[in-house]
């Protein structure tokens, strides 16, 4: 066997392996952890390493050749029409999201080594982490709506159990209960919408559905249910209340993966709007059901709503973050505000879509929104990791009681400063690049939106300066005199994310051209997505 | 009309479930509400697979020489998957309610709110 | 030889503007250098451990160092105070009832139904 | 939950094997009749739940450790995924390939007539066994732990 044939085999089976290997690892973990705790940690990290090998091979192929890959389970790889197979369909956007999932999961596993050391029940913890990773990979890679629902539920159940991992604390349990109620209802409405689509078109495949979409009354109902439920899972104001609760109370390593899970739901919104209903976006419908009043294209009416929700999301997020006194809950509200930026990019792109396609500032806004998904996962993730390191060292989460920690935790405070600048969109870190894209392209549509976005960014800076002041600066507090620096695995996890932040911040154009650009093109070009599966195209 | 009854039942189940989740204060009742929504969605899926005069989709069940209509098995498979997931979610929610009762000594949703503002 | 650097050093174009991070970093470093030089012009006769370093609080006694730290919830007190009307609304919104979380979802669904012209 | 009256315990002991056999039958015939791993597993698990109700969770926990049941559940899941992985080792490799088809011994026969032949369907019955094992263990441990938790809560009062 030559190297090329092995690489070819890896490439052919990579889509299935990306989901299957974490799944296998998840169920092997309880058995291996009976032997030894250290062996289990090494095993979990090596499982993630193996997964990243497959992700790397597949990403390299997809971003260089810009093809759409499909993988059919259990049968020949040749597709027949109509598609009745269970298949994965991977375009550049799926791969982009898979990279985010890989980064957050990998870093979280490394972080867990030191962070969760003193707790028991770690075999279940790692099982759930790997299960959640598999679920998120499935959500972003699948080409089948029902499988999307199944993976959504796998992710929700695993993450809910992880939020409630510290069962000795009432707040953790409460947060987990709120999370599971929200995600169960959201997922059930997603399933209802899928059933409506299935009842009409007798298909579950996203590409097939998109090719036969007629935008009837029932399709509108399905669109509303899908967008509403997935937006709730993504944490859009006013359906965001579960997000600070669960982000604030989960262990920090879990919170990092939760950021990825939230963004996988956001990926669902993007996919539904642009691929599933891509053909219908320029169709006209009458608002309020009037016969002759307010004829607006679907893209416009949905875009107005998404932009309004995005503005509210940014403002409510920062205003609530400003008054929090709990470290992780504050970052949770900041995460809500960051989601607003991605939604703003999506909404502006929807607003400026035309029958011929998307171009100019609308495309740039969408690029900014997608770019920001990556940056948000890194920035907010780094913030949560720092909060976790502070909690590890002091067992304290209230900003009122913390103080003067920069003396004892030098490296952690440096990472916090990097994260602070990145979240607030200060050059030369990555947050600035994507936010600049959003500001400038949104300015073409409406200056007010741009001003609100910049204002919210400034307030984010103010929020995190407050945190920096009250946690790391100030006189040494006697209670924390003997606080130690975070252990090596926590520092390694933070270093990985910081290096990525600085790298993307200094070389944004390369990242934009090679990774974000193909992802955006793949999202906008829905006919390419359809052609890859449905024979004979549309 | 008779064929619409399942769909009316679907709407009724989902609305009753939502009512229970939104207006009931007992956590167990909220869990029951979610289960009702799930039942509604499952009923909707299974109704979609109904064919008049169809028989169960078992390959060996088909009387030889005839060509009876078989009900489509896909919605049934979807429903089964959804039921399996529902069991997991239900078990998880009940376990969390047990824990909440242990920590808060109440099942009133208005008092289980240490996380607010 | 250094061709592989070319894609890294491209200017970041946003469609309506551009930005080059490397140049920005160089400028920032120069600005910091200037600031450092200006700092060198400062007062030379500063002595540590003398009366110069004592803080003067209008004749009031100085508190212990631990009590001087402004706690997290006291930062931006004025801002929160002046926007009390807004925060009252937001606090009412974030009341922590699980029922209301779902109610908001139903409200958003209703708005979506109306905006997309279903109803 | 403490144990219930002698009548209940006797009836449970009597009916337990029948429910068990029926559940295993549903698992084994999953590829021929309505049912399969989950449904049969749920039936078996309900028999086990009946034991928990009749004899009390403490009685059950004295005999079998919750940790061991969890292990059994993992084994079921691993079997399922490994069966999917084995599809990669045969000619024309695909994940989830039905690799045991076309052999006369183990579920490999191809259906030719209309008779219910249990020795068919390839990898599907094997996966049904794996899922059945997982569901039995999973549901059993859920009911057991929930029952034990509520017992502990009653004891605290």
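Letters A, B, C and D name the chains as they come in the text, with residue numbers starting at 1 for each one.
The criterion applied here is as follows: a residue touches a chain if its C-beta (ideal position, glycine included) is under 8 Å from a C-beta of that chain, and two chains touch if they have at least 3 such contacts.
This is a predicted model, so every value here is computed, not measured.
Asks: Please give the intersection of the contact partners of subunit B with those of subunit D.
Replies: A
Asks: Tally the contacting C-beta pairs at the A-C interface and at the B-C interface, and name the larger one.
Replies: A-C
Asks: Comparing centres built from CA atoms, which chain ends up most distant from subunit B?
Replies: The most distant chain relative to subunit B turns out to be C.
Asks: Any idea how many Å lie between the Cα centroids of subunit A and subunit C?
Replies: 23
Asks: Which whole number of Å gives the spacing of the CA centres of subunit C and subunit D?
Replies: A distance of 55 Å separates the two centres.
Asks: Would you mind pulling out the distance in Å between where the CA atoms of subunit B average out and where those of subunit C do?
Replies: Roughly 46 Å separates the two chain centres.
Asks: Go ahead and note the Å separation of the Cα centroids belonging to subunit A and subunit D.
Replies: Spacing between the chain centres: roughly 35 Å.
Asks: At least two partner chains per residue is the criterion; list those residues in subunit A.
Replies: Residues 177-178, 181, 185, 245, 320, 323.
Asks: Touching two or more other chains, which residues of subunit B qualify?
Replies: Only 21, 27, 30, 112-115, 117 qualify.
Asks: Hey, what residues on subunit C touch two or more of the other chains?
Replies: In subunit C, residues 90, 94, 96, 98, 102 touch at least two other chains, as defined above.
Asks: Assign the assembly's chain-to-chain touch graph to one of these shapes: line, ring, star, complete, other.
Replies: Contact pattern: none of line, ring, star or complete.
Asks: Can you list every touching chain pair?
Replies: Once each pair is checked, the touching ones are A-B, A-C, A-D, B-C, B-D.
Asks: Would you mind writing out the residues of subunit A in touch with subunit C in their complex?
Replies: 177-178, 181-182, 185-186, 189, 217, 220-221, 223-225, 227-229, 231-232, 238-239, 241-242, 245, 285-289, 298, 301-302, 304-305, 316, 319-320, 322-323, 325, 360-361, 363-364, 368, 398-404, 427-428, 433, 436-437, 440-441, 443-444, 462, 466-467, 469-471, 474-478, 505-510, 512-514
Asks: Which residues of subunit B touch subunit A once you look at their complex with the stated criterion?
Replies: 14, 21, 27, 30, 34, 37-38, 41, 44-45, 48, 74-75, 78, 81-82, 85, 88-89, 92-93, 96-97, 99-100, 103-104, 112-115, 117
Asks: Could you pull out which subunit C residues touch subunit A in their complex?
Replies: Against subunit A, subunit C makes touches at 7-17, 19, 21-22, 24-25, 28, 65-66, 68-73, 75-76, 79-80, 83, 86-87, 90, 93-94, 96, 98, 100-102, 104-105, 107-109, 111-119.
Asks: So in the complex, the part of subunit B that touches subunit D is made up of which residues?
Replies: 56, 58-60, 62, 64, 80, 83-84, 87, 91, 94-95, 98, 101-102
Asks: Where on subunit A does subunit B make contact in their complex?
Replies: Listed in rising order, the residues are 146, 150, 153, 156-157, 160-161, 164, 167, 169-171, 173-178, 180-181, 184-185, 187-188, 191-192, 195, 198-199, 204, 244-245, 248-249, 320, 323, 329.
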